[in-house]
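A, B, C, D, E and F label the chains in the order they appear, each numbered from 1.
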Amino acid sequence: MEIAALRSAGQDSWLHAAVPVVVDAVIEKSSTSGKPYLEVQLCDARDRFALRVWSDNGQYDTARSLAAGSCLRLEGEFHVHPQFGLEARKWSFRALEGKEKEEFLAGPPDLRARQEADYAFLAETIDKIKDPRLRELGLSFLEKFGPRFRRTAAARFFHHARRGGLVEHTAQMMRYADAVCAANAALHRDLLVAGVLFHDSGKLWENCVEEGGFAMPFDERGELLGHINIGIELVNTLWKGLPLDDWKNLQPDNEDVRLHLLHLIAAHHGELEFGSPVQPKTPEAIALHYIDNLDAKLEMLARGYASSATVAERIYDKVRPLNIRPVAPLSAGA
Amino acid sequence: MEIAALRSAGQDSWLHAAVPVVVDAVIEKSSTSGKPYLEVQLCDARDRFALRVWSDNGQYDTARSLAAGSCLRLEGEFHVHPQFGLEARKWSFRALEGKEKEEFLAGPPDLRARQEADYAFLAETIDKIKDPRLRELGLSFLEKFGPRFRRTAAARFFHHARRGGLVEHTAQMMRYADAVCAANAALHRDLLVAGVLFHDSGKLWENCVEEGGFAMPFDERGELLGHINIGIELVNTLWKGLPLDDWKNLQPDNEDVRLHLLHLIAAHHGELEFGSPVQPKTPEAIALHYIDNLDAKLEMLARGYASSATVAERIYDKVRPLNIRPVAPLSAGA
Amino acid sequence: MEIAALRSAGQDSWLHAAVPVVVDAVIEKSSTSGKPYLEVQLCDARDRFALRVWSDNGQYDTARSLAAGSCLRLEGEFHVHPQFGLEARKWSFRALEGKEKEEFLAGPPDLRARQEADYAFLAETIDKIKDPRLRELGLSFLEKFGPRFRRTAAARFFHHARRGGLVEHTAQMMRYADAVCAANAALHRDLLVAGVLFHDSGKLWENCVEEGGFAMPFDERGELLGHINIGIELVNTLWKGLPLDDWKNLQPDNEDVRLHLLHLIAAHHGELEFGSPVQPKTPEAIALHYIDNLDAKLEMLARGYASSATVAERIYDKVRPLNIRPVAPLSAGA
Amino acid sequence: MEIAALRSAGQDSWLHAAVPVVVDAVIEKSSTSGKPYLEVQLCDARDRFALRVWSDNGQYDTARSLAAGSCLRLEGEFHVHPQFGLEARKWSFRALEGKEKEEFLAGPPDLRARQEADYAFLAETIDKIKDPRLRELGLSFLEKFGPRFRRTAAARFFHHARRGGLVEHTAQMMRYADAVCAANAALHRDLLVAGVLFHDSGKLWENCVEEGGFAMPFDERGELLGHINIGIELVNTLWKGLPLDDWKNLQPDNEDVRLHLLHLIAAHHGELEFGSPVQPKTPEAIALHYIDNLDAKLEMLARGYASSATVAERIYDKVRPLNIRPVAPLSAGA
Amino acid sequence: MEIAALRSAGQDSWLHAAVPVVVDAVIEKSSTSGKPYLEVQLCDARDRFALRVWSDNGQYDTARSLAAGSCLRLEGEFHVHPQFGLEARKWSFRALEGKEKEEFLAGPPDLRARQEADYAFLAETIDKIKDPRLRELGLSFLEKFGPRFRRTAAARFFHHARRGGLVEHTAQMMRYADAVCAANAALHRDLLVAGVLFHDSGKLWENCVEEGGFAMPFDERGELLGHINIGIELVNTLWKGLPLDDWKNLQPDNEDVRLHLLHLIAAHHGELEFGSPVQPKTPEAIALHYIDNLDAKLEMLARGYASSATVAERIYDKVRPLNIRPVAPLSAGA
Amino acid sequence: MEIAALRSAGQDSWLHAAVPVVVDAVIEKSSTSGKPYLEVQLCDARDRFALRVWSDNGQYDTARSLAAGSCLRLEGEFHVHPQFGLEARKWSFRALEGKEKEEFLAGPPDLRARQEADYAFLAETIDKIKDPRLRELGLSFLEKFGPRFRRTAAARFFHHARRGGLVEHTAQMMRYADAVCAANAALHRDLLVAGVLFHDSGKLWENCVEEGGFAMPFDERGELLGHINIGIELVNTLWKGLPLDDWKNLQPDNEDVRLHLLHLIAAHHGELEFGSPVQPKTPEAIALHYIDNLDAKLEMLARGYASSATVAERIYDKVRPLNIRPVAPLSAGA
């Protein structure tokens, strides 16, 4: 079982279950009445929660000595407190071992399978780009940064905020890009696909999940430059490694291709007020901006359906940052 | 030739040409030095301009007696003044007659053909809707309001602001809707397609072009209610004419289908700040909002490429309301 | 005594009192240390609070078996905790019965009397409308939806957020409308009065309180369409039931009257940024917008004086959504 | 006849008429082809326009020697050019003399009568204030600054932008204040009336029209401080001249009365974003803010009805700064 | 030791320490399980926290009888709870007496010394103003309001929010003003220095700390008028006390000097949207606005470095109201 | 004489003068009455205007054959038309030759001298940077791009919008940076100075003036990327050319220095809403943002004093984009 599944299942009553988790931190605290306890922060591929261990619990000393990064099988009763969130009682744990641990760190099979499929689709789509500059640039990115890319989240909060989330977001955007180009022949498909690949590539240094784990530390480069500037620097570095001389007679010029691609990265936030250093000025830049929004907003809504409480039949509690109460979709009955 | 073509061709020098036009109004004026002249306002399917006729021009009296709605063949030399726009000199005119006039009022063949094709595609797409409620609703709309729909512009300014523009905008949005549903199976295709058809249907009373002409008068209903409220009233009226009893056992319920469709109309502006009385709360409402924006913004950019002056090689003058200087798209060379 | 009165009286110390309440929900929970308790959510005509019942309390089993909708007399000691709000201790309860229960559900006499008076004033004002279309429309609304209207709140939070609040808000706005028309003869009194009656009528499906109780469930129609669109649909439906043929020779035309009334509903939020699909374009629409704001903001301020803590003599704590610290009004001494 | 009347009457054709005007400035210019002309800037109580005098006009030399402040009777043909506004041809002028001139400078009788009536109503309303502090303060203001007050406009553009406009605006706001207090007994009538009197009193140094004329020069004090700060300084100065000792035992305290009155001035713009140094925090401050908006916006709309072109039957061209196309009010037929 | 120091030192473990504090309030509360406790609110020169005393604590009765304003030496173990902030256990207290108390109320020596130095620098800078009007005005302010000035905070939250904070802020702004005038000879140094002195002088009635303590009560005058209006009233009052006749022949005129100084106060918030009744219109007003922002923002950042948790090496948690995660400054190594 | 001087001197009457100018473009046009004319666009170091040459002017053919880039001495009478700006009559021209031409293209001596001095100050300040990385980076920038830097404007409109304007802006910001560091020892002087040098360096490809002339063509790279991204790419490129290995043991690390410098460029617009991809997160980034604003706004104000009309004594007409009416500074009389 996963933490997220506990959250869904434990909304009404106490649920007996076991979950594999990794220890993020163990912090000594004490209650306002002075009673000491440990706060053991645990996470898995999709979610996280804090286990409180009181000093009179027989497992207190064992829990206290848990190292960050330890992988555990936590068994007990779980419940979602309306104010405090997921809680556990009557629990015990033991270390995860061998294959069990390996599988846990690989992530849940469905998520893993989806991300594998997304990554394969994405790599295949890049490989089919006709323009040699954009194709080789994309392939060199996957070659050099593939593993890091696969660990990166699309955002720190709100949408695709999990290991591999950026691969999911990028792949789905490529599907939309493909579809939109099919509906509008005037769009430059190669350019748009490459733009999708690189538009958030700076997040590899903003929202990257650590190797062999699920934590997402902050990165000084990400904080000081932001993912737009890092993405541009990344493309420029990869670009210099291409055999540009071989393509010096191609039309359009190498330099034009580079500038238009950088423009897609620079303008993808769409409006100055969202920190976009330039506004979209080409058809592909406009298309990329709306495709990005479309996928991000649909994912936020899907997250709302999956995790928000229902405040009435078919109506869900407010979802941030959409700031709406989602209404259940019309079931496709007819 | 068309007015828009004069505008493109006459930017650098005086061009000899003939254009069919319809008289919108003839206004008597006089210059600041007291010299009388006529301002003859002329338009065609895509554009409009004003011809000045001075009192010492031999055609002054003839021009003065032109009735609004008269169709003319205007021949002469044309030029685009950088400050005052399109101007004519050494011109003469005669009435358009018979087939010539009929063809002119039908609009230029390419535009007519495109709008015919768009309308056919749109009607066919409606006909393929599987849900009988949404299909019949769409068909009854086309049946009752088809001719009015085909005369309506998508906007008064800025994008698709011409007779038939709403058909073009709606058809292209249907292509995007189709494509996006293909890329995301979770979207309810029937609902989204019907939402596209009706989202701007209130504009039939906001931006409708008069019969047998090209003028777009203001309408008190449009001013007082706005197209969102008119569109909702329209759907409600058509809905009451459907054989709903025949479908009372369908899933989802008739009433659910109606409410979800109305939501797509009510929420398509996306944000309260753009006068949206509700924000999008279902997947199809989110998708519709971005598809609408995508087509509108790409059309504004295309209009910029076609009609803005170039301020440098491959850079165009500011385009309203995008408020950007478009950059020429990357030519698909490779 | 009422819950709101406990809140005022119990700010400084524990207060012994009894209050009639209705059970909204009983939820089983447990503390972080694993101790089970019940959260019994209780409300009355003006307010709500949660009673916590620990498992070692002798009334635990009785409390656990309380059905939603049960009416109780709760007696005990009450206190307002600065962080957690209203709390009870040493409490007991018994079922409300017969007349006692009936009176409780009717609401407190002062509120009931005020709402009765407000409703009577409102009905009388409608009855005095001279234009037969607007008068009959108003009367048919009261006839068909009077009971629902009387149960509706003016808002879910912030102002008049209680059963009958919409009647209070509408009646006070009618007083202001009357007064403003007296001061400015150019305003169309009948139209403005009818606009006040219907401007929030869509809230009958957005903020309606259940029959025989005080809960305000969410409604899918309200969420999907919003009260502006529902109000317009309501007026259109009532309008179709009027004997319009009898009035076909009246000036202004029936259709003009309908459009101007719908405009008042459509434009009453005043600015696009507040989700107004059109801006006010007639004198009555402008007047309605400001009268609505005037009453809503004065009520928010009054609520602040009544329920905010004082942070200094004559200065109150911040009031949402005004986002100000109210200052006590100047007493009318002279 | 007045300039504003020429504007209404001369929209369709050339109109023969005579108007009294005062010379604001005479400026020598020349056309782009080098032909010299004079631009004679003329105004009256409600409006202004520029007369062009070409060098080959026999009246050129006379016109050139006109002094600013000269009062003339201008006779000729007038017309409203759609782009350049009001124009004249075949004109002549002579000096206004004696009673003719006196009456002209007094302003048109209807405007004069309305402003007289408004001022009398305003003075009477002040005189009826019961609180002696507020009454005497108001009376001392009228006594010391009455003439200046009567020359002041309520704004430089947009609403009541004419000599005496502030008296009209203030008087109408007093009528609304009276009406609103009648509808809501909780409001402090004396305080609100005094607040209305003083809320824009700083405009006596921001928008004051010169004595014996119609020009509205800029004032350094107004530019540097703004009317809110000047109004507060004015009240403080007048306040110090009151016999406060005589009232030292009144309730509420003198100082409380002063602070609440200053608050009404300081907060009347309502929101920080409109340059309000504080937001309204008392009932009267909220009421004053909405009454001010109500009168200003209704006057802007009235100005739109009177002077905007109609773009369709019952629909007017956009009005600044409302940024709407006004729709004709519903005629009170029934 | 000070409270702020406990906060820094107690982030990781329990720390034994003693701090002098003053009692702000003692409030009787009880836990959700009904257990009574006292919340003893304590503060010192820079910070504040709440001590919880349970009813079974032997010091309960003593704590209950503590009067607001009592000065104590609190000794015990301290710890920063990640959610609830600073906590104490195993504590005891005794009254501060004699010199100990006096020193405590004087504030910590380093803060006292810095504020003394800042005040001396500020007084000296005023004394060096060459224009006699501005110099005497500044000196009379220090003479009449010096002690109140030294007790005032620069803000209620966010920056320099402590007794004497306004002196620190004003002095540092004077250093910047001096520096900027040195770099730009066109700025009027005397005017800018006087503007710095008075720009926030209205805060003496908005954020003043009580005498002999550290609490900052709200003030009705501050709430109703805001510091801009109070500052202007203050300058006007002091100005009237100057021997203006002696300077009636100076250039620029007395009145010009007064208006320009008032403009600096009125415009220092820079934009209407920040409640500035006028925007900066002179060079010194622009300079003052940016100098004010520069010092305020740098202080907020410094406060973030000092008190925010680190979320990664050299990266700090979000700081309000900057709404950024500060990054550690580059150490000046080279 | 310069064009700007004509503008100041010719506001009231026709002025006889001669100015050196360069031809930017010659465009054939015709008046609305069909009369042909040439629009000869002329500019100099600080300003530009358009000369109209009618077909009946004897110099028509000569003017028609003028090549873009021709340098002329234009003599005649000049005047500022209130609506159309600077106009000329009775003019003649001849080619500039030899030294005369050379001096003209060099720019006016005072501007040249100021820019020389500014550039020298700037180079000297860079040379005094103690950190070898930042010093060498700055020096390599001056060495490689010095001439381009000296031709660049600080903006296309509004402030320092002239050849060399970026040098003036950068030098003055360095003076402020120096001054502010002197007043606040905690700021890293070397970093701030380098940040000032590079913050707008991307404008070398956004606002660069052509060699040997005064025109400022648009640049595709500037349009697609914006100056922030170009500046970052520039620093990255120069950085790679530095002998970083020699400094690998310096503290702080090379990479830290690079990131902090890039942060200053990335964050200098201050707020996301101004297109800043990241907000300032270090003390130097905050200081740079305010110093940039201070100089830009003071220059806009100075431009207003120099070129806006006075609307009253000591009050100037609105200045864009400050959107204020400047008030004359207080003369430093005392």
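As a convention for this text, a contact is a pair of C-beta atoms (placed from the backbone, for glycine too) under 8 Å apart; a residue touches a chain by one contact, two chains touch by 3 or more.
Just so it is clear, the structure is predicted and the values come from calculations on it, not from any experiment.
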Lowest number of touching-chain links that must be crossed from chain A to chain E: 1
Chain C and chain B - chains in contact with each: A, D
Classification of the chain A:chain F interface as same or different, half of numbers criterion: same
Rigid-body rotation angle, chain C and chain A, from Cα fit (steps of 5°): 120
Cα-centroid distance, chain B relative to chain F, in whole angstrom: 43
Chain centre separation in whole Å, for chain B relative to chain A (CA means): 41
Centroid spacing, where centroids are CA-atom means, of chain B and chain E in whole angstrom: 60
Residue list for chain F, restricted to those that touch at least two other chains: 220, 223-224, 260, 263, 281-282, 325, 327
Topology of the chain contact graph, where touching chains are joined (line, ring, star, complete, other): other
Pairwise chain contacts under the document criterion: A-B, A-C, A-E, A-F, B-C, B-D, B-F, C-D, C-E, D-E, D-F, E-F
Complex contact set, residues of chain E against chain D: 220-221, 223-226, 228-229, 232-233, 236, 259-260, 262-263, 266, 272-278, 281-282
Touching residues on chain E, where the partner in the complex is chain A: 13, 52, 54, 79, 81-82, 84, 87, 89, 311-315, 325, 327
In the complex, chain C residues that touch chain A: 27-30, 32-34, 39, 217-220, 223-224
Residue ranges of chain F touching chain E (in the complex, touch as defined): 130-133, 172, 175-176, 178-180, 182-184, 186, 188, 190-191, 250-252, 256-257, 260, 263, 279-284, 286-287, 290, 293-294, 297-298, 301-302, 322-327, 329-334
